[in-house]
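Paired with subunit B in one complex and with subunit C in the other, subunit A is shared by the two complexes that follow.
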Partner chain A sequence: MTLNELQQQGAMATETLEKLSQVEARKCYQCGKCSAGCPVAEYMDIMPRQVMRLVQLGLTDEALKSKAIWLCATCDTCSTRCPRNVDIAHEMETLRILAKRKGIVGEKDIDKFHNVFLDMVKKFGRVYEVGLIVGRNVTTGKLFRDVNYGLPYLSKRKVHLLPEKVKAKDEINRIFAKAEEYALKELKEAENK
Partner chain B sequence: MKKYAYYPGCTLGSTGVEYGLSTLEVCKKLGIEMWEIPDYNCCGSSSAHLVNPYLALGLSARNMAIAEEAGLDVAIPCAACYSHSKAAELAVKESPEKRAIIEDIIGRTYKGESKAKSILEVLAESLDLEELKAQVVHPLKGLKVVTYYGCLLTRPKKIACDDAEDPIMMDNILAALGAEILPWSAKTECCGASHTASEPGVGIGMTDKILLAAQKSGADCVATACPMCMGNLDMRQVQAAKMFNHNYNIPIYYFTELLGLALGIDSKKMGCDRHFVPAMELLQKYEKGGEQ
Partner chain C sequence: MKKVGVFVCHCGSNIAHSVDCAKVAETLKDFPNVAFSTDYKYMCSEPGQELIKKAIKEQGLDRVVVCSCSPRMHENTFRNCVAQAGLNPYMFEMANIREQCSWVHPDDMEKATEKAIDLAKMAVSKVCYDEPLEKSYSPVTKRALVVGGGIAGIQTAIDIANNGFVVDIVERTPSIGGKMSQIDKTFPTLDCSACILTPKMVEASSHPNINLITFAEVEKVEGYVGNFDVTIRKKARSVDMSKCTGCGTCWSKCPTKVPSEFELGMSMRKAIYTPFPQAIPNKPVIDREHCLKFTKGICGVCSKVCPAGAIDYTIEDELVTERYGAIVMATGYQLFDASVYGEYGYGRYPDVISGLQFERLINASGPTMGHLLRPSDGKEPKNVVFIKCVGSRDENKGKEYCSRTCCMYTAKQATLVRDKIKDSKVYVFYMDVRTPGKGYEEFYNRTTEKYEANYIRGRVSKITQEGDKLLVHGEDTLLGRPVKVEADMVVLATAMVSNPDAAHLAQLVGFSYDKDGFYTESHPKLAPVETHTAGVFLAGACQGPKDIPDTVAQAGAAAVKVTALLSKDKLETEPSVSVVDQKNCAGCGHCVNICPYRAISLETIQERVNGKTIERKVAHVNSSLCRGCGACTVTCRSSSISLKHFTNKQILAEVDALCLQ
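Up next is the complex of A and B:
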């Protein structure tokens, strides 16, 4: 397959992505400043610059499979320094959201951590530290991770023994339900454009 | 007297308790009234926006809407809470359509009239540095500090409350208290955020780079304005040292703890004895009069 054919095939995906992220990937001239300043670059499978190049070439599916989009710490250094004003961090974030919706998860433990975190928020309206750590350890199978911090935290009175709960539970439920509604609507619109 | 809605988020009553206590003590001393947002919820932190941007906006907008109903701007110590709340404020002001969506998500009115401000910004704006100097009870003379701002107070530019590459709000306040602010390379580097909890092989490496830079700078301590940065630099300092075979003993302080100390507030009252890296010895030196 030629590069041209590849690009034609991927053009649709690129358009969908641009509609969702509002990031003009084509403006990127591949200078690599994003990757030079990225504090997570050394741990990534491909550099942020390469993620942008894949998007430019219409190879969005390749970008969706990368670990890089999951390892991005959304510190925004790349976007702040980009000489072409391309919001690379937001592009990575949008790719990650799309990947998750498609069930492509490049970094499973990171995904599980955020799932447990948001489950807490959904359930209580706030984060419950003990539940977060226990939930993370159970879902990732890393049962003893950070358990050494438990006792010091308790003795310093720096964690709640029981979760603090938002009283307006109905409002929290509404936010989660409505937010999902709008996200799905937006995704559908972008795909059917 | 200035009055703000106070948004403690999920951490200032727990893992970041020193930040909450020191902020409230300092504000009381300086005559800034704090009204806690009733029944506030989590801002979504670093998780919500990675899953669904509308969820992040909705969670933060609800808190902002409650503050707006009370007619108050919001003072926010946690850098992540600040960043997400500010994003919600800017989003409702972006367009009537966006505002309608956000208001529908939260089932409340939020016009963006109530503004999100980081506590660093609130203090930097309201303090006259000359007046502050006159209020100092325990000068921090001789205390060598590196100021650490991390990501969320300095980036992205439309949300940041200080410069992206060389922020100075904390520097100015601490210098007015008599501290010596040292130059260093990691002022706005990322601490690894939640990667330390979800992917330690990556996150602790990032934290270690900050600690190493702080050590090389020759500073006595690091000042921060973020509970996530504090958790990584303080709680995980031993873990980082072990993983990379380094030897650290660097006390990390919220800038409000150092401000409170200089203003004569009892360090234990601010929770300074609840750090992981022992933080009291250095403070007590100044509580007893500082270096002569």
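Up next is the complex of A and C:
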């Protein structure tokens, strides 16, 4: 396919992404400083620089499919160091939101971990480590992953067997509801132009 | 008995660290003809020079040797020094015991000292044969010639003229203006090229000190700095310039159409024409190759319709010779012929055009009145692909160098497309984006951000035609994958190359050029507008690819050099020139051919032999032209030609000093 056709195909996604993230991908001059500083770049399928390249060329669909956007740890090193003031980390985040919405998640296990994590926070108002690990292992089907860390952590009281709850649970619920409502509205707006 | 003084310099520790300077001075005391010898820490310093002057006076020295650095560094310093003490400045020699001794033998004091002593002895031996020489002087003709009437030539001429000197511009085409008159807008400010050029063209044509000689070429150059005799061929215009009013009746009635050079073949002109409406002078010429009067002996319409009776088919080329004090070369450049790349289809696909053609297509006075329409079907292109470095940075089929302007003019052209055609897309294939100029990187940033040009890093491998579209095949090297871009039009940023006749012209005027045909400056950093030939200067793209800001700056610099030269009443010439022993000369003429400055000619002399007067040819050196290179002296089989200050006797004395110990 020609580049023109690919760009045409990805035009919708590109526009939504631009609206939602407000990142000026065209500014990127492909120096690679973001990739060079990224702590997880070596585990990525494509470099953060290439994610930016796909986006600036209008091949957004392809960026959405990448594993790299899921490996991104949102440490913000890239955005802090970029000489052109491109907020790469934010672009990655936005790409994840869009990918999820389109159901094209390139790294399913990481996505599942995110889900369980948020569930825990929703339920208890904070992280419940044992629940998080168990939840992740069950959803990803890797039942015995990391279990050997369990006993030492428990015995040193680094983690607790039972969950702790915050007091103002209803406020947590309100935050979640507000955030979801707001995010959805923004997304809808971006999608409808 | 000569009285030579020897002065050995330590140069701080530069020399003294590996040469025992005191020992050199001591040893030389016993060498024949040496009357005085000493060493000192810095001979070039004020006290060092005083030491030399004092010794000359007190010891009655008649010649001096300084053992120190390279003559390039301080020969003048010491010549002045001995002159101040009353000696002829040429009764002085320098032995280079720094660059040629201490610096290259830093670790062996004994051997280095030995070598320094040898070098000093050689200099003493030569200085004994040195003779007093006097500088001579030649007059200066206060008139300058500028060859080429592009922006470089126009600016140089205006600057010289404003400084009060008369200047002639010789321009090959019927009008001044050069490439800048073909360009639409100019980076980085996007001001319209014609708007900033036309006033300068008018200024040049109306300036009381400037004479425009258009439709003319330099045919012959003789003479030397201050006095060049230049023969100019004024090509037959077939139009009497003094009668013509530029009304245009002739070219509107002329029936013969010819592809216009100015519009790069994209529209037609007549056989009697001015290259473009704002041409200066705005008076036509007849293109005799196509005019029916000249090809078939018929027609003659122009002469019938001309209300001023200016048409004259009998005018012939005219040769005029004029004397100039200085010459400025401003002959500009040409564009690389992109049809060399068969894979791009230039010349085969009508919609693959050059950058300069693009300038005409987008120009309001161009063949499409400024509507960007593609040549094949006159449709407005929606996808435009630009390819950079076509012929540049390609050792295989093109030129090794970077053409310097195309990155910027491509960015400019990309923005112009986006500006004119709102729903267009532009793609730029590049290898690097080079923007070394004030405001240039910012301009490029706007091209990608505001004007949303898609820059793709990679060289295009080929262009194919698919229906009425062009498919451009390349690699996005940043993603590491092949890309195909569909285009309605492709613009090639072709390399700036030297004129086809650049080398010929350089030989004619007598200065050097590089392997690519660009004119060589005397020093790449410190003498960028001078050539190796005194009195010949450079301005603009004939010296190498450059944009308008650099061209104008260089033109100003060349004008200053010319003005400085023309302001002098007389020119000093070095006395170290060749002389012919005419009694001995056989007149073979080898030296005439070898001399790079064309300083030698054969002249006829009369001699009395056995009571009869005979005539024969012998070599003669024009001492104003001779630069003292010595090429002739080694060519002469009968040793009849010798270079003052480097005579055979002087050089052999040095050899003897080294070998006969």
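Criterion: the second predicted complex is superposed on the first by the 187 of 193 C-alpha atoms of A that agree within 3 Å, B and C clash if a C-alpha of one lies under 4 Å from a C-alpha of the other, contacts with A are read in each partner's own complex, and residues count from 1 in each chain.
We take it that contacts are C-beta pairs under 8 Å (C-beta built on N, C-alpha and C of every residue); 3 or more make two chains touch, one makes a residue touch a chain.
Note that the structure is predicted; figures quoted are calculated from it, not measured.
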item	value
Side-by-side fit of subunit B and subunit C on subunit A, or clash	fit
Subunit B versus subunit C as contact partner of A:Leu3, first or second or both or neither	second
Which of subunit B and subunit C A:Leu54 touches, first, second, both or neither	second
Residue contacts with subunit A in the superposition, subunit B compared against subunit C	B
Touched partner set for A:Glu24, first subunit B, second subunit C, both or neither	second
Which of subunit B and subunit C A:Val134 touches, first, second, both or neither	neither
After superposition on chain A, the shortest CA separation from subunit B to subunit C (Å)	23
Subunit C partner contacts - residues on subunit A that touch it in the complex	1-5, 7, 24, 26-27, 30, 49-50, 53-54, 57-58
Residues of subunit B defined as touching subunit A within the complex	10-11, 13-15, 17, 39-42, 44-55, 57-59, 62, 101, 104-107, 151, 155-157, 164, 188-190, 192-195, 197-202, 205-206, 209, 235, 274, 276
Complex interface listing, subunit A residues touching subunit B	39-40, 42-43, 71, 73-77, 79-80, 87, 89, 93, 96-97, 100, 107, 109-110, 112-114, 117-118, 120-121, 125-127, 129, 133, 136, 145-146, 149, 152-153, 156-160, 164, 166-168, 171-172, 174-176, 178-180, 182-183, 186
Footprint of subunit A on subunit C - complex, ascending	383, 425, 427, 445, 448-449, 452, 454, 456-457, 471, 476, 478-479, 483-486
